[in-house]
Amino acid sequence: MKLLNNKIIRWAAFFLVLIIAGLVVDNNYYLDILITVVFYACMASAWNIVGGYAGQVSVGHVAFLGLGAYTSTILFLKLNITPLIGIFAGGIMAMVLALLIGFLTIRLRGPFFTLSTIAIAEILLVLAVRFHGLTGGSEGLNIPYRPSVYNFVFKSYFTYYMMFILLMIAIVAVISYINKSRTGFYLRAVREDETAASSLGVDVLRSKLTALLVSAFFTGVGGALYAQYLLFIDPHTVFTVSFSTKVAALSIVGGIGTVIGPIVGSFILTPLEIFLRSQLGGTYQGLYLLIYGVIMVSVILIIPKGIYGALSDAIKRRRKQVKNELSA
Amino acid sequence: MLKINNIASGYGESQVLFDVSLSIPEGQIVSLVGSNAAGKTTLINTISGLNRVWSGSIEFLGEDITKTSPADRVELGLVQTPEGRRLFPDLSVKDNLLMGSYLKSVRGKREKNLKNAYDLFPRLYERRDQMAGSLSGGEQQMCAIARSLMTCPKLLILDEPSLGLAPILIMQVFEIIKDIQKENVTILLVEQNVQQALKLADKGYVLESGKVTMEGTGEFLLHDDGLRKAYLGM
Amino acid sequence: MTIDKVTKEFGGLKAVNDVSCTVKEGSIVGLIGPNGSGKTTLFNVISGVYKPTAGTIMLDGKDISYLSAHKKTMMGMARTFQVVKPFNNISVLENVMVGSYLHNHSHHRSEEFAKGILERLEIDQFADEYPKNLPLAIKKKVEIARALATSPKILLLDEVMGGLNPQETDQVLQTIVKLNEEGMTIVVIEHKMRCIMAIAEKVIVLDSGKMIAMDVPEVVAKNPEVIKAYLGDEYHAEDK
Amino acid sequence: MLLQLIISGILLGGVYALTSMGLSLVFGVSKIVNFAHGDFVVIGMYSALSIFYVTGLVPYISWIIVIPISFGVGYLAYQLMKRTIGEDVNQIFITIGLSMIIQNLILMLYKSDYRAMKSLFDSSIKLGNVYISYESLLAFGIAVLVTIGFLWFLNKTDTGRAMRAVSQDKSAASLMGVKVEKISVLAFGLGISMAGLAGCLLLTMYAAYPTAGGVYNLLAWVIVVLGGLGQVGGALAAAFIIGICETLTGFYIGPDFRQVVYYLFFIAILIIKPQGLFSGIKLHKKVKDEVTE
């Protein structure tokens, strides 16, 4: 129990520092960076639930993001339903899609599951372009800038920042809960060895499906929030597979299958990306993603557990060493 | 011809072989018997290089081959017919046999060896274009042995050639082994079928829990009570 | 548990051929046979890794032939694997908790339950270690512990003593006997005949997928067909 | 019109077959789950493009140069990836990482423009009502030629036979004296060469752009899965089906739907008949030798 308290306190401190950072900055340029970092941390954490904990590598997660974004935006623009509700509707739509994907493909062996997620994201991309009556086609949809709580549009960047922080708190809380719960144990067992897991009474398919559903929900909610923040969505930003690979890269670099890993990944890579883009964007298009790729490949080859994974291993080893020395 | 000096080996962290030594004189049939899980397959996989030697050494034709790769051992004439036959199921029988003469050093004798194989196993000639996976158990065993013979082995290791075969086929397989010996091939035979294996053997070793517990002529071992004990725990 | 005419085919090859037998509640049954005789396949069919091609498996009067593995575990059947399959990247305690969560829904209770089992198998000092760093004997015990954590009525052990030294083997043997005394039904696949003879009430012998004998150990050991399966034909006859 | 479309589809399918045979080789023999396969196709496209810019050689000739370039690229990629063999998840990530690197390297070097070759021929062949462009006929011809050569290599040479053997049982192959590692690199290099060649030929029909790899990657996998893993004959038939499928949907539904149709096809196959249309290996099965005694 003491450890748990400790952990809660540590997380509280972490979020407090983030919030204070937001208050101190008080500059839209830097707040935008903070928002982007937190947004990617959220998305990477959500992806990690299924990609890291359940070991089911999805590269089509952007489908959930896009569906969430389009659901809330369309509900608002066409039916004038407040995004406050729309955001959750977005999450739920993403879950519905996840359920469909899950039923169809979750039995598939690793690479084939991954391929089918890419295929589904690509299909949604084409559909979003095609049905422009609903989606605005490739021109996308604009959310009018009329700040109000009902419209869920705010003047202050800080308000958005707080929204994303709240989302992150929710994700971290759920993952921490899952981690300690039966589902969490079952997911890890499934990732390690499906046959052995099922021999211990683990319903493998159900566990994987649960992970996918939770992950899809948060990704959908994140997508809807992001749309509200940008006030604009188009198929090529919210349905492009490279978004998914980027999110996966954050988790891998940070440390796959850990609560903190994806956050570490986002806090390192996202500012790097923004920096590179602002410095070199015009002259060297694509350089930042190139660097992403290089970092991702090197991390897999050199520290497969990611930065956080490697660090915590080192700390554990150190502690053990100290303990041994003490006892000796 | 083959000398194994005090080797230890195993899989992962679990040690299977403890201080095993044996020697195989040229031209003989040497049988290695022992109950399940005694370490027979580990031992011969270590001999053919699929398994790493932890300590000790292996000499073949006077040369130290402890660290030689499996492919290079084949080149030297040390060939294994693995347990469970391990054919390439989606290759035709003929292609399986041709794989046996993959090495450049024996490619020249390919036609001759292929003819010999078909003479020895007419059945395989009939089925030469069939996929190996569709053969019956006995035919697969024949194909596996024939494939090994295509490599012009000096020492042929046969791992459980009688496994899963009907009694009549087992008799045939043992006949064939005798024929092979006549062609100047030294044979290391690993068998569960103790009776047959020891009858055939010039020399036998009994392996028990990863250690050699008995050795002697085939005849001697056949009539030893200890052997029974090793097998049936009585 | 009753197994009735169970057959499992792989591409026309009958790995298990028409096997029928009964395992009495509270007994220890040994399953033996030469390499490739279909023992592990039979285990896989019983525990739900494979579905039988034909035949039925009954547990406590219920037909469980086609249930998936996790449902069979819920009904009280647990197993270990010949090649150990520990969850390498979670601690030993957590490995066992995966099992104990089946009947204990709270984190606290399943942890307590798991700890109890670790103590019983005398491996509680490894609770925080990762299985990949442990020697094989401990891994095998972890696997037994994990299976026990599901509170099984019937336990299937696939060569849990393989690769262990004599002392470790004896320890595991004692554990099995103790579990049995507490009322658990146990089926053991084992190569070390000595062990089987020491603990089994009944021995089933498989050869090439067929059951060739089922009796008390002393009788089985003298059965000519069994001797033939192990030693090759004629052995028995010539010996006399 | 229908006949016209089917014939164009078949001609396109010939080139696609190359891509998928390459992937099959990489997956079956080298045991690498390659999610960057399409990007190697694109490398082929841009290599051909660069050769044209520099020397003026057209793809029908420059493929002879593109093949060794691709082989070299494949060799390097293999060295990078060989440590992940046997770890599916890491392979997926590392090849995705590689795909990011390739796509963005091309983006940096060539910008995001669509680049196409100008047609070399101003007329086409007319057979009854059907027009066949010289481009696609030539590309098809080269593809067929190389395919036949490849099949001959696979079936009639010792190295080809060894490749098939390695794909079925690595350790048994090593007991035959096969140096598995060497065969593995060779197969990977060849697989990538075929992707490069396909890219080179595709350039005569389609424009090149940096992220085209994603499309070709999925395309190659779709064909391989459809044809049954490791089944060369199946892959050929599947390539033609996909080619025809693409031309038909492109015409009747709309060019943007070309890919949707076969993605749907792909998902359907994965679900309904995971062993592929023309039998072969199951998608659920682990490729793994278990050590048992």
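Lettered A, B, C and D in written order, each chain numbered from 1.
The rule we apply is simple: contacts are C-beta pairs under 8 Å (C-beta built on N, C-alpha and C of every residue); 3 or more make two chains touch, one makes a residue touch a chain.
Keep in mind it's a predicted model, so treat the numbers as computed, not measured.
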Query raised in the report: Fewest touch steps from chain B to chain C?
Result: 1
Report summary line: The chain whose mean C-alpha position lies nearest the overall protein Cα centroid is chain D
Query - Furthest chain, CA centroid comparison against chain D - result: C
Requested in this report: Provide the C-alpha centroid distance between chain A and chain C, rounded to the nearest whole angstrom.
Outcome: 43
Requested in this report: Take the average of all CA coordinates in chain A, do the same for chain D, and state the distance between these two points in whole angstrom.
Outcome: 32
Report summary line: Rounded to the nearest Å, the gap separating the Cα centres of chain A and chain B is 55
Query raised in the report: If you average the CA atoms of chain B and of chain D, how many Å lie between those two points?
Result: 41
Report summary line: Two or more other chains are touched by the chain C residues 35
Requested in this report: Could you list the positions in chain D whose residues touch two or more of the other chains?
Outcome: 291, 293
Query - Residues on chain B engaged by chain D in the complex (per definition of touch) - result: 11, 16, 36-37, 39-42, 48, 50, 69-71, 74-75, 79-80, 82, 86-91, 95, 98-100, 102-103, 107, 147, 151
**Report entry** In the complex, chain D residues that touch chain B
**Finding:** 158, 161-162, 164-165, 168-169, 171-180, 230, 291, 293
Query raised in the report: What residues on chain B touch chain C, complex-wise?
Result: 12-14, 16, 35-37, 83-84, 133, 137, 160, 162-164, 167, 191-197, 228, 231-234
Query raised in the report: For chain D, which residues count as touching chain A in their complex?
Result: 33, 35, 80, 83-84, 88-94, 96-101, 103-105, 107-108, 111-112, 210-211, 214, 218, 221, 225, 254, 256-257, 259-260, 263-264, 266-267, 270-271, 274, 283-286
Query raised in the report: Within the complex, which stretch of chain C touches chain A?
Result: 47-49, 68-70, 73-74, 78-79, 81, 85-90, 94, 97-99, 101-102, 105, 107, 110, 146-147, 149-150
